[in-house]
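Two complexes follow with subunit A in common, the first pairing it with subunit B and the second with subunit C.
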Partner chain A sequence: MADTNLTQVNSPAAQRTNPLVLFLRKYGWGYVFVLPSFLAFGIFTFIPVIWAFIISFQDFRPRGGGDWVGLQNYRDAFTTQNGVFLEALKNTIIYAVVTVTANIFIGLFLASLLQPLSNKFQTFFRAAYYLPAVTSAVIIAVTWRWLFNTQWGFLNFLLGLIGAAPVRWLSDPDIALQSIILSTVFTIPAAGVVLFNAAMNSIPKDFYEAADLEGAGPIRKWWSITLPLIKSTTLYVVVLYTIASFEVFEKVYIMVPSGVGNSTQTIVTQIYQTVFSQFRYGVASAQAMVLFVIVVSFAVIQFRFFRSDVEY
Partner chain B sequence: MALSVAQNAGRQAPSRVTAPRILMWVALILTTLISLFPMYWMFVTAFTPTQDTIKTPPDLFPHADLSNFERLFAQARDYWAWFANSVIITLGITFFHLIFDTLSGYAFAKKRFPGRNILFWVIISTLMIPPQVTLVPLYIVVQNFNLRDSLWAVILPGWANVFGIFLMRQYIQTLPTELEEAGRIDGCSEPGIFWRIILPLSKPALAALAIFTFVRFWNDFLWPSMVLIKSPSYTLPVGVASLQTEFSTDYGLIFAGSALAALPMILFFLAFQKYFLEGVRAGAVKG
Partner chain C sequence: MSEETRKRLSRRKFVTLTGGAVVASGILAACGDNTATTAPATTAASAATTAAASTTAATSTTAAATSAAAATSAAAATSAAAATTAAAAGTTAAAGTTAVTGTTAAVTTAVAGSTADFKTSKSGYKGNLDYWALGYAPGGGNVFSKSSDSAAAAFMKANPDIKVTITGYTPDNAGFAKVVNAVQSGSGVDAFRIPNDSLPTLIQQGAIAPIDDYLTAEDKTDILPNLFDLVKVNGKLYAWPLWVPPVGMYMNLDIFKEKGVDLPPKTWTYDQFVDIAKKLTFSRGNDKVYGFSALFDPGGVDSWPFILSDGALPLSPDNTKYTWNTADAYSGLKKITDLALVHKVTPPDFGTQKQDDLLTAMKNKLQAMWTRPSGDAGTLTQAGLNIDIWPIPIGKSGKPISAGGVGLIAVTPNKDTAKQKAAMDLARYLTSPQVEKDVPGYYLAPSARKSVTVVSPYNKFTDIAPTAWITPSIPSWTQIRTLIHPNIQNAVFGKMTPEQALSQPADEINKLLAQK
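Let's turn to the complex of A and B:
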C-alpha cells in the first residue's frame, strides 16, 4: 500500500490527479514572494480603509459606540461647528488651485531654462532646487513661520526696507491662507523640476535640429516640440501636486497651530480636530471619505497614466 | 550623452552674451537663492545668540555661537531620544522594504503565476488611497491595544508603502533572465536564486529605494504625532514641532533643534544625490 502510494506520487498519472500539488510546485514561489507585502497592505491599508468606510456610518467614539446611524455622520461632517468643514473644503480647493498652477508653471519654466545647459550645470541646479525638499515639512513650516513673524520676521524686515508697514502674515484671518499659499509658491517644486527635466532631456535632439533647419525660434520650438512631447509627464506632475495639495496638513498645522478662526482650516486639519478635539471618529471617517472621493477622482487619471505605455 | 548635450547647447546658444542669456542666468540664480534661503535662514538663526534674533535689522550672516545648542541640550532633555527614535523607526521601515519589496518586485517582474497582474494592480491602486483615510481605524487599534508611545505603532503601518515594489519591479525587469536559469540548472533553490542572484544584482535600485524610504519616513509627521504622546517617545519632526510650542519665543533654541534635525538629511542628500533624483524619476516611469 505504502509502496503504491510512493510510486503514484512520482508518476505522471498521480500528478494529474493532484492538481494542487502541481499548481503549487509551478507557481508557489511567486505567491510566497509577494505574501509579506500583501500582508502589510492587507493589515495596514485594505482592512483599515474598509473599516473606515464602515465607521463612517456608525456612532463611533473612544472606548465603545458603534451604533449604526446611517448618513448622520456625513450630515454632521458638514454641519458640525457651523459648517467649518465646508469652509475647510473651500480653503483646500483655493490652496490646491493656486499652488498647483504655480508649481506647474514654475516647474516647466525652470526645467526649460535648464534644458540647453550642460550636464554639469543641470546637475547643480537640480540639486540646489531639490535640497530643501529633503528636510521635513515640519522644519520647513517652522522656518516659514519665523520668516512670517510680524515683529522680527525677515519678510517684514524686507518690507521695512522699502518703507512698507509690517504685515500680520499669519495672524490676520484675511490673509493667513494667502501667506501659507505664498510659502508654497516660493518653495521651488523640486520633484516637478526633476521630472520635467528628465522628460525634456529624453526628447531626441534631431527634433530640434530639424526645427532649426526650418528656422523655428526658441519659443516656437518650445511650444511645438517640447510641450507636446512632455505631455504625459505634465499630466503626471499635475496629478501628483493636486493630490499632495488636497492632503496639505503639516504646513497649516505648524504655521498656525491654533488656526486663525476658520480661515486656515483644511480638510486634513479638520479630520485631525474631529478626532482629537471632538472625539467623533464616525464623523472624522465621513470627512476622510470625502477626501478619499476627491483624491480618487484625480488618482484615476494617474492610474490610467500608469497603465498607458505612450512613449515619445 | 553629456557630450551631445554640451555640443547641442553650444550650437543652440553660442557663448555670445545676449540679453536672453543674461536673463536666463539671472532667473536660474535668483530662484536658486529663493529655494535655499529658508534653509540658510534656519542655520543663521541657529547660530545667532537668541537675544540677537529679535532685533531690527536682523543679522544676515551666522555668528560662530553655540549657546543655542547648549540650551537645546540642557532644556530639551529628550532631544537625543527623539534622534534615536527617528533612527530606529526609519531603519525598521527601510529594512523591511529592502527585503520584501525586492521579493515582490522580483515575483512581479519574473515569476509567472495566475493572478499576477491583478495582484500587481491591486497594490498599485493603493496609490489612490490618501493615507489620512486609514488614520482613524489605525488609531482605534493603537488605543485599544495600548500601543501609544510604542515605536512599533509607527514602524508597522510604514510597511504598507507601494513605491518600493514598483521601483524594484521596474529594475528587476531589466535583469537578464539567463542568470536565474543558470542558477536553477546549478540546483539553486528559489530562495537561493533570490538571495544569491537577484538581491546582489539589484544593488543600484536598492540604494535608491533605501534612500527614498529613509527620507520619506525620517520626515513623517502626521501619524507619529498621533500615536507618540509622551516626549521621550517622540521622533524628530514631532519633537521639533513641540519645541515651537514649548519655547515659543526662544527662536535660537527652536532653530538649533531644527537645524540639527535637518542636517542628517542634507548631508545624506549631498552624498547620494544621484540616487535621490533617480528615485524621483522612477516614480514617474510607467509600468
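Let's turn to the complex of A and C:
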C-alpha cells in the first residue's frame, strides 16, 4: 500500500499536478477539521481587532461609516474628561499588580497544600476551589456588594462586634478601589489552583526522594524543586491573570455602577463609558488599542522573565 | 527545487492567501456601509455588559403604574396639560406660569374631540413588532410591566395579524446604553422608549425614522407643541412624545407620623427641608433612619433640583455655553453636599447608592424623603407605602425648581413600509389617550397630550411639571452629563469643593457645545 502511494507521488503525472492540489491532497483534511475554529477566531476575534484598529482612526458612526481623523482619537483618549483615562490606567495597573501577585501566591500556596494529599482528597478540593470559576461573575460581584454594604453589610457587622466604626467600603473614594481589589483577592483563584496542582503532580517523585536523601526539608524542596519545575505553568497562569486583570469590568460595573467619582474607573469601564454612554466609537477603539498594546507588552515581558528551558 | 521546498512554499502560499483574504474582508467590511454591527473594539465589554444589564433588569423594580382607575377631573386635565407645556418650554416656574393660560382652551377642545381611532393599524403588516420598554420586566414583574403587557395585548387584539414582543431595560445609564446599542445595531428593535436627551445622537446616526408622515391633524393639536421642539431636527419630527416625568420629593408619611413631624407647606424652603431631615434622622432599634437620599447616576437628574434651586441652569438657553460655573450653581451644589457633610442627614453610601437600595430603604421605612421622578410613586403605593409627593424645596431663586426629561417613543427606520407604518401605529397608540382608556394607570407621569388625564399618584406631579428644567435635546449632552456626574459625586464625598466640581469641566463642555 505504501509502495503504491510512493509510486503515485513520484509518477510523472503527479509531478505535473499543481503543488496546491498536492498540498491539499496531503493536508486538506487537517485544514477542514480546524476550519470551524479558524473561522470562529477570524470572525469573532481577528476581524474585530482589525476593525477596531481601523475605527480608532475614524470618527465612526455605526450606520454611516466614518471620516478619517488621523491620531485625533488617540489624543482624545487621553485628554477627554480631564484625562480620566490616565486615572483609569493607573487604577488598572494597581488592580493588576496586586491581584495577580495575590492570586499567584494564593494559588501556589493552596496547590502546595493539596500536593501531599491523596488523589481522592485532591479531587475533592480541586472541585471545591474551582467552584468560583463556574459561578457567574455577576453573582459574585452582587454578593460582594452586599458584604460591603455600609449599613447592613457583613464586613461592617464583624467590625461592629469588636467596636470598630463602620467602613464605607464602596462609597469612600479613598478605599473603593482597594475594596474591589480585596474582593478579587478573597475569591479563590480557581484556575491557578487547578493548574498549579496539575503541574506539581506531574513532577517526578524521584527528585523529591533524592532531596530527602540529601536531607532537604519541605520548604527547601518547594523552593528548589517544585517552584523551578512549574515555571512554565507559572508563566501561563501569570499571563492569564494579567490579561484578566487588565480587562476587569463586570466586578466594577456591578459593585459601583454609578462610579465613586473616578476612583474606580478602570480601562474597560472607561472604554464602556466612552462607547455606550457617549457613543464615541473612535475614541473607545483608540482606548481599546492602548489596552491591547499594554497587555501585549506585559505578556512579552512576562514571557522573557519566566521562560524556562527546563524539561523533565 | 526539492519536493520539501515546494511543499513549504505551497504551505506558505496557502497561509498567505488565507490570511490576506481575512484581512481584506475585515477592511472591506470596516470601510463599507455597516448597518448591522456595533463597534467591535468593545466586544468583550459589550458581552459582559449584556449579562450585567440583563441581571439588573431581572431584579429591578422601577417605573410602575397604579391600578387605580379613577377618572380625574377636568381641572386636573388642565393642570396636567399646562404643567407639561411649561415643562417642555424648558426652564423655570416663570415659563410655566406663562404657559398655563395658553393651553387651557386647547385641552377642553381636545378632550371633547378625541374620538380618533388610535388602535387599528391600516398598515397591512402581518408579523412581529419588537418594542423595547423602559422599566419593563418580563412576566408582569412590576406594575408597569403589567400595564405594558395589557397595552400590547389591546393593540394585538385590534390587529390580530400583528404580534408585539416587549423587551425591558432599566431606567439608568446602563439601561439606556443597552437600548441605544440595540437600536444602533439596526435589528431587533422596531419601536422603543427613550428619554429626549438620548435621542439626538441616534437621530444623528440615522437610527430613527421621522414621524411627520404619520402624524394626524388631531395629533398635531393634541400633543403639546413645545414638546415637538425637543424632537425636531432639520424641520423633521423624530419621536412620539409620551410624558414629562419631573423629579418630586417623595415623603414617607409613616416616618413623619412616627416622629410627630408635621408636613411642611408646599412652598417650603431649603432651611425648612434641612430642619425636617434632621428630625427624621434617628435610630430605630438596630436600624438607622435617614432624613433624605437620592440617586446619583450619569443617566439621571434626581439630585439636580437642589443644584438648580438657586437659579443657575447648566447651559445657556440656546445650549451654546456651560453656565453652571457661577456662584448660584456653587451654592446650589453646596445644598446637596451639606446634607451629607454638614447636616449628616443622608445614609453613609450617599452618592453611590443604587436605585434598588433607595427603593428598598423607602419600602422598609428607613428613609424619610427621596427626590425621584414620578414612575416610582406607583411602585411604592402598590407596596402599601403611605407616601405623598411634595415640590422641591425653594432656594435662592425664590421659586420651586425641578428637573426632568421627556419620555418618548421612537421608531427605527425600516425598508418594509408596511412594517414601518405598523411600528408607527404602535408608537402612536402607546402615546395616545386611547391607551389610558384601555389600560387605566398606564401613564406614569403627566402626559404629553392635552387629552390625557393621569390618575393618582402620578397626578401629584402635575403641579411640579411646570417647574421642571428639561434636559437639553443636543447630541453632546450624553458626553456633558458624564463630565459633570463624577465631579458632583466628588463634591458629595468632600473631595472637591462645589466651585472645583462645577468649574473644572467648563472648558471641555464649552468645546463640546462649540462643535457642530
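Note that in this section the second predicted complex is superposed on the first by the 256 of 312 C-alpha atoms of A that agree within 3 Å, B and C clash if a C-alpha of one lies under 4 Å from a C-alpha of the other, contacts with A are read in each partner's own complex, and residues count from 1 in each chain.
Criterion: a residue touches a chain if its C-beta (ideal position, glycine included) is under 8 Å from a C-beta of that chain, and two chains touch if they have at least 3 such contacts.
Here the structure is a predicted model, which means the values were calculated and not measured.
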Consider subunit A as the common anchor and indicate whether subunit B and subunit C clash or fit when overlaid.
clash
A:55 in the overlay: touching subunit B, subunit C, both, or neither? Say first, second, both or neither.
both
Could you look at A:268 and tell me whether it touches subunit B, subunit C, both or neither (first, second, both, neither)?
both
State whether subunit B or subunit C is in contact with more residues of subunit A in the superposed arrangement.
B
After the superposition on A, what does A:147 contact: first (subunit B), second (subunit C), both or neither?
first
One more residue to check, A:235. First (subunit B), second (subunit C), both or neither?
neither
After the superposition on A, what does A:227 contact: first (subunit B), second (subunit C), both or neither?
neither
Quick one: is A:130 in contact with subunit B, with subunit C, with both, or with neither? Answer first, second, both or neither.
first
By the touch definition at the top of the document, which applies to A:288: first (subunit B), second (subunit C), both, or neither?
both
Using the touch definition from the top, say if A:250 reaches subunit B (first), subunit C (second), both or neither.
both
Looking at A:93 after the superposition, I want to know if it touches subunit B, subunit C, both of them or none. Which is it: first, second, both, neither?
neither
I need the one stretch of subunit B that runs into subunit C once the two models are overlaid. Options are 23-31, 221-229 or 257-265.
221-229
Shared subunit A contacts, counted only where both subunit B and subunit C touch the same residue:
26-27, 44, 46-49, 51-52, 55, 60, 62-63, 136-138, 142, 151, 247, 249-250, 254, 257, 268, 271-272, 275-276, 281, 284-285, 288-289
How about subunit B: which of its residues touch subunit A in the complex?
1-2, 4-6, 8-9, 11-13, 20, 24, 27-28, 31-32, 34-36, 38-39, 41-42, 45, 53-58, 96, 99-101, 103-104, 106-108, 111-114, 116, 119, 123-140, 143, 156-157, 159-160, 162, 165, 190-191, 194, 215, 218-222, 226, 236-238, 240-241, 244-245, 251, 254-255, 258, 261-262, 265-266, 268-270, 273, 276-277, 280-281, 284, 286-287
Interface residues, subunit A side, partner subunit C - complex
19-20, 22-23, 26-27, 42, 44, 46-52, 54-56, 60-65, 80-82, 84, 136-138, 142, 149-151, 166, 168, 170-173, 176, 247, 249-250, 253-254, 256-262, 268, 271-273, 275-281, 284-285, 287-289
Subunit C residues touching subunit A - in the complex, by the definition given at the top
6-7, 9-11, 13-14, 22-23, 25-27, 29-35, 37-46, 48-49, 51-52, 55-56, 172-174, 176-177, 180-181, 184-186, 201, 204-207, 288, 295-299, 347-352, 354, 478-479, 482-483, 485-487, 489-490, 493, 495, 504-505, 508
Per the contact definition, I'd like the list of subunit A residues that touch subunit B in the complex.
26-27, 29-31, 33-34, 36-38, 40-41, 43-49, 51-52, 55, 60, 62-63, 106, 109-110, 113-114, 116-119, 123, 125-132, 134-140, 142-147, 151-152, 154, 157, 160, 186-188, 190-191, 194-195, 198, 201, 205, 208, 212, 218, 233, 236, 243, 246-247, 249-250, 254, 257, 268, 271-272, 275-276, 281, 284-285, 288-289, 291-292, 295-296, 299-300, 302-303, 305-309
